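All remarks here apply to the structure that follows.
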Amino acid sequence: MTVVFDRPKALLDVPTHYCPGCTHGVIHRLVAEVIDELGILDKTIGVAPVGCSVLAYDYFACDMYEAAHGRAPAVATGIKRAVPDSVVFTYQGDGDLAAIGTAEIIHAAARGEKITTIFVNNAIYGMTGGQMAPTTLPGQVTETSPYGRDVKTAGYPIRVAEMISTLDGAVYVERVSVDSVPNIIKAKKAIKKAFEIQLQGLGFSLVEVLSICPTNWGLSPNESVKWLRDNMIPYYPLGVKKDATTGEVK
Amino acid sequence: MAQKVLMKGNEAIGEAAIHAGCQCFFGYPITPQTEVAAYMSRRMPKVGRVFLQAESEVAAINMVYGAAGAGVRVMTSSSSPGISLKAEGISYIAGAELPCVILNIVRGGPGLGGIQPAQSDYFQATKGGGHGDYKLVVLAPSSVQEMVDFVQDAFDIADKYRTPVMIMGDGMLGQMMEPVEFKERPKKELPEKTWAANGLRGREKHNVINSLFLKPEELEAHNNKLQEKYREIEKNEVRYELYNCDEEMDLVIVSYGTLARICKNAIKMLKKEGINVGLIRPITLWPYPVEAFDKVVDKTKHGFISVEMSCGQMVEDVQLAVNGRKPVHFYGRSGGMVPTPAEIANKIKGIVGGAK
Amino acid sequence: MGKVTFREERCKGCGLCIEVCPVKIIEFDEKLNTKGYHPATVKGDNMQKCIACASCARICPDVVIKVEK
Amino acid sequence: MANQEIIFAGFGGQGILSMGKFLAYAGLEENLNVSWFPSYGPEMRGGTSNCSVILSDEPIGSPLVVDATTVVVMNRPSLDKFESHVVKGGLLIIDSDLVNREPERTDIEIIKIPAQRIAEEVGSKKIANMVLLGALVEKTKIVKMESLLKALKEHGKEQFYELNKKALERGAEFGR
Amino acid sequence: MAQKVLMKGNEAIGEAAIHAGCQCFFGYPITPQTEVAAYMSRRMPKVGRVFLQAESEVAAINMVYGAAGAGVRVMTSSSSPGISLKAEGISYIAGAELPCVILNIVRGGPGLGGIQPAQSDYFQATKGGGHGDYKLVVLAPSSVQEMVDFVQDAFDIADKYRTPVMIMGDGMLGQMMEPVEFKERPKKELPEKTWAANGLRGREKHNVINSLFLKPEELEAHNNKLQEKYREIEKNEVRYELYNCDEEMDLVIVSYGTLARICKNAIKMLKKEGINVGLIRPITLWPYPVEAFDKVVDKTKHGFISVEMSCGQMVEDVQLAVNGRKPVHFYGRSGGMVPTPAEIANKIKGIVGGAK
Amino acid sequence: MTVVFDRPKALLDVPTHYCPGCTHGVIHRLVAEVIDELGILDKTIGVAPVGCSVLAYDYFACDMYEAAHGRAPAVATGIKRAVPDSVVFTYQGDGDLAAIGTAEIIHAAARGEKITTIFVNNAIYGMTGGQMAPTTLPGQVTETSPYGRDVKTAGYPIRVAEMISTLDGAVYVERVSVDSVPNIIKAKKAIKKAFEIQLQGLGFSLVEVLSICPTNWGLSPNESVKWLRDNMIPYYPLGVKKDATTGEVK
Amino acid sequence: MANQEIIFAGFGGQGILSMGKFLAYAGLEENLNVSWFPSYGPEMRGGTSNCSVILSDEPIGSPLVVDATTVVVMNRPSLDKFESHVVKGGLLIIDSDLVNREPERTDIEIIKIPAQRIAEEVGSKKIANMVLLGALVEKTKIVKMESLLKALKEHGKEQFYELNKKALERGAEFGR
Amino acid sequence: MGKVTFREERCKGCGLCIEVCPVKIIEFDEKLNTKGYHPATVKGDNMQKCIACASCARICPDVVIKVEK
């Protein structure tokens, strides 16, 4: 018998602390698979955020950092500048990247920093127990938008991929989702492309991954993927937002 | 002997960092230290190193975290409000035990304050501006030459103990030119950075740069380890200068940085009037040179006076060191006002009772 | 014909694999694993229906599943 | 005991900072302790400019000169600001082409030099600062003129050396 | 008497702020104080007030600056790393003399640290985490009821002196439920906020909220004014509790917050063994209750012991207050470890020499 | 004789500290004229940045704040929430807004905060003596890009108006210039429109104003306006970038 | 002297926190000093959950119970973690339907209750916590059952009141 | 015919008004103002050419110029 599917080596063989069904696990695995396939484990350095994926440093087999909340792109910049031949990625949630870390991600992108960002958009702050994120949908109930996000006072969700695409230093920006197997396959392709962009020294790449948070959404994992599909994808359209290697900007 | 050149403090420190093998510099402009970044932007690319102007002080200190974690020598520089913004990052760096050098060319505060020389970030530097139980080694040069020398020391101390080191100057020191010499110094034996997260490159276990310890037992153990390190530093790295402290004294001034030089002038003035005053100049603000006080406490008649360009910060460390054995006085100016020798001398005469 | 192997003790019983399996052969075990979850499993002859598409493995957040054919 | 604490003051662009620097270099040449300290901050911009220079046998305390042995002023606001800073018996050097009032102090020595005109004669208004510096050095003897020339040679732009030298010499006449 | 209700500290403080007339709340989630924001997000809109989740702690504190400058009562809340990020903003608020209330529910540090209870931000709170010579009034409640009461006090002190006030608790205090009563309290006479920049509305001269003073003379004058205010606060606002301090004592514990309660249990345990130990519980961490020490210093045989959930921070203030008159000991746990009465009692027995 | 032009009342009758020719002065005056014309001096509150315009609080006749570097939008948010019937504007430079204050401006815009931002883009840090700004043009020499901004290491300039336009809360975004009299007239119109948007309670408005910095550019004022015209306008195209009142997004 | 320091522990979702809360309310009803303190942080999520409850005549020190007079456990990991925390002579209450090992301590009192089954009999597994709470109150007499019922009435969901009451009563039988 | 009045002491001599004046009537004065700048001015009969377009006033960063007609 031949092995069709097994765990990637870039992922350490340890249980994760994620909630049942949390697709952080899927996204971790995709990143690890890409590292394996590109054969770059030896020179890859990952930066974990503050958020549910804070312990990612225990899961990836490459060298890892735990960055201050929102500052992963700055940390990654420091690493990449110090060790230019390394492959550096940040793994960040939407509170981390799109709220407190807004300046850091925008400037890493504007600088064309040769790093890759995996941006996990689950429309909520997971780690701290389900508060409103910049990506929380209008009307969505969270711990700090108990009557549903009211755009009149709490404003509108930020479409990060689109915003980053306006920056000249951003070379490759795509939004994907892990709600279904076909989308997971696409997500992996995007992640791989993003790493390749870095390997080619072209500039900054970012993959926004729509992800579920069953715990804080108050839904089962299977209900959650459905909610993502029905609510998030319409607001956050999937696809390549910018590919400077082809000149494509959507 | 290398040749002496005239250099601005802010530029000399940049050059000294390059001499010390500083591989990366991350900064953000702020008066009165902008020349450090300007100098580095000119020089670093020429020597094949990294200069990067960050988008903010917050980003700069986190870039430092990144580069330090990768095992290279790295420096950042700012002034008071910018250092406040770095507080979280500095706490992370201390928590993750990363070596780096942080320069603070202090200006008057609080808030936007002013841009003239001050020492009002003493508490922030020595007691921990950020959260948690950590310490910065704080070096306070009083001349451009010391700035240069201390940069090298700072990198060595940082690497030896895996700890952030701050060099604290003021606008005067940053802006003034004095003759300096870049001495070639013997390389120190320093531990190899086996902990650096710069890619496995064949290493078996991945390295992790981190300050999170969710289990209280583990965080406490980590803290105890940090505290042990701090005790070690207190044992080995205390530095100070005693000036005119050999005989019986009417009073001992405690003062650091450029201000200590002004105090020396005041001491000379007083000597002419028959008043004998000594000076303790702490060079390490942390670890604080308590032993210097033990040496002179029995020789001073009216105790000590902490002379500061702040409203009374170091005076607490003086009191802690003296611990009630002698009176402790205070004289301070703030907001960019620099005391003159004459006014210091006057204040002292008020205490010791005029000429004798 | 394919074969899926579950690392039972790693399963958190989220049920995502059950939903995506095109031939619907995965179900929850009655017993609890050491973590306190009912792990996913393929019972009895059902394994023979496995087409080794690896859908279950791809959506599993906890890398519980190995797929062979 | 050699000791000079000098304030140079004028508008930005008059070469205030550089005349201080050259003097400091000359002091260094003679193994004196030297310091040079500029005013800094927003007021520099477009506005006034000044620097403190100290040359001394003894270790230097504050680089900021408050009680100056010599003050050199190149505009009226600087005279207004720094006249009172000259110590009793000290020296005040004035570019009389730019300062349109008489100093008030009577307890100090005052040298007035039409530095703009002299500089123009030498070749360019831009080197009026050198005229004033020449007077200062000649008068105070804080450094030897050769040391100053050496400093100019080593740290100034070569093409201006001869001009500067001439300006210094013309200025020196006022210091005798 | 209002009815007692069981409430979490984090929620009680929110309700108390509303009772105190807090008009705006700006926060950013962080464990272990997230419930404050969650509570405010439910309640503030219901009472026609403002809840806003900021994009970061930096933004939150600057929103506080904005609202406070406009003359309304405003609060923000965070935990250790978040407070570090607010350092610059707090310094601005102090510099511009704006009243506001800042809550710090301390967690273990440094860096990301942990989320369990700690007191390791004592230095940051009392010595000035930000740059420049400023002070925060720091209130340390030890029960949920005190949290509630102190919020009202904090707003009043803030308004009276135009100064930021910090309430410092720990994760225990934030997370625990205890019975609380929201007492109706008489409104204090407070100065009118004629300085507020909320639109001219017919006023002649524009109001300016600012901390910039480019001229050193002016900045120094401003600093002197601040210092005078701080002396005033030191005179009027010192608060502390003396517990079991009436008779001769073997030792006096100094401890604050929830930990002081644990110390009381230790005192009871020791009493049974014939060891008489008193307790000074500072309620204002700044201004520090020096006078409490003067009251008991002659009655304690073995001096004082500072018991902290940190590696030795408040102990410096204890030493300053005691000033060599008696020995000062220290016992601390860190990183989220909470000392038990038994271990405190044991440590004390070690000092006083066991049961007598 | 009738007065064709005189100083606006919303500008205090004091000399400014700006360098000769610095168009900060022009932009101040335009804001003041708009305040006068809209008759809102009584309820307007301005927020000055840290930058050359830090002393703007001494120049405008309305109530004023001096904000921490980059945080003016957060300060303005605090003010506006506390005093909802006020008119609040921030006045910010490109270091202030586009570097350290990136997160604050983006989130004020995303929230649709009912404030108006006057963003002065002079492609440099003026106050601190001419360092590189996020808006510094490729190749431009500054104190910290002494060999000319090298996009490979220092990254690409950020087009703030375009980036802000991607946010749903931003209602009106226009880029103008004050390099010529016709452009000054257009600039004033844009500023007026931006204030009107706020008065109508529609959301966030921003006017990016291209401005000169003769001192740090090392050019005379007249050379500077020419440099702006020849170099900045091509990189930063003028015009309305977004007008949600007409549905226009460019 | 009334004094109970109790740890409730189990999985998230078993009502661990709320059984503690009801007991605290009952104590408040009886004018005791009370405190309730949950474990908090990431480990809560999906994983284990516990809280400390103290009811006492005297002022309460630490709300965190380390030496518990009573421990109530609703799963195996909680037994493993907290068995050692029961003071000598203290009480350990176990949901024997969920805990598949015997306790090791011999110096304490142990009550094993098939709480899941009983709860199911009463109407829903969800109220197994109430069964255990009933036993605790009956056994320790720290509050009167009426006070607990009053707490349930005032602070619980009305529709569950009768069910909860029944569960408490069934549990109480084990505490006699 | 228009009339421009310069608040001489406020002028910083930047020359922007000189450049934009369509009828080119503005020039620098020889004398320095108290700030040390050569202020802009309209000399002699030149004022008669003023068309009161207010271009100078609009570009003046220092609100030096009042325009009447």
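For clarity, chains are labelled A, B, C, D, E, F, G and H in written order, and residue numbers in each chain start from 1.
FYI, contacts are C-beta pairs under 8 Å (C-beta built on N, C-alpha and C of every residue); 3 or more make two chains touch, one makes a residue touch a chain.
In this text, all values refer to a predicted model and were calculated from it rather than measured experimentally.
J.: According to the touch definition, list the chains common to the neighbour sets of chain C and chain F.
T.: A chain counts here if it touches both chain C and chain F, which gives A.
J.: Just tell me the minimum hop count from chain A to chain C, counting one hop per pair of touching chains.
T.: 1
J.: Have a look at B-F versus F-H and report the one with more C-beta pairs in contact.
T.: The greater number of contacts lies at F-H.
J.: Where among E-F, A-E or A-B does the B-F interface show up again, with more than half of the contact pairs the same?
T.: Equivalent chain pair to B-F in E-F, A-E or A-B: A-E.
J.: Find the geometric centre of each of chain B and chain C from their Cα atoms only, then give the gap between the two centres in Å, rounded to an integer.
T.: Each chain reduced to its C-alpha mean, chain B and chain C end up 60 Å apart.
J.: For chain E and chain G, let me know how many angstrom lie between their CA-based centres, rounded off.
T.: For chain E versus chain G, the centre distance works out to 34 Å.
J.: Per the centroid of Cα atoms for each chain, what is the distance between chain A and chain B, given in Å?
T.: Roughly 40 Å, centre to centre.
J.: At which residue positions does chain C touch at least two other chains?
T.: Residues 12 of chain C touch two or more partner chains.
J.: Which chain E residues touch at least two other chains?
T.: Only 31, 52, 55-56, 58, 81, 88, 92, 96, 111-112, 115-116, 210-212, 214 qualify.
J.: Of all residues in chain G, which are in touch with two or more distinct other chains?
T.: Residues 41-42, 46 of chain G each touch two or more of the other chains.
J.: Touching chain A in the complex: which residues of chain B?
T.: Contact set of chain B toward chain A: 23-24, 26, 50, 52, 54-56, 58-60, 62-72, 74, 88-89, 92, 96, 197-202, 206-212.
J.: Chain B touches which residues of chain D in the complex?
T.: 21, 24-25, 28, 34-38, 40-42, 59-64, 66-67
J.: Which residues of chain A touch chain C in their complex?
T.: Interface residues on the chain A side: 1-7, 11, 15-16, 18-26, 29, 178, 180-181, 184-185, 214, 220-222, 225.
J.: Looking at the complex, which residues from chain F come into contact with chain E?
T.: Result: residues 12, 41-45, 47, 54-55, 57-58, 60-68, 71, 74-83, 86, 103-104, 106-107 of chain F touch chain E.
J.: Which residues of chain E touch chain B in the complex?
T.: The contact residues of chain E facing chain B are 58, 80-81, 83-85, 87-88, 91-96, 106, 108-116, 118, 120-121, 123-124, 127-134, 210-224, 226-227, 310-313, 316, 319-320, 322-325, 333-337.
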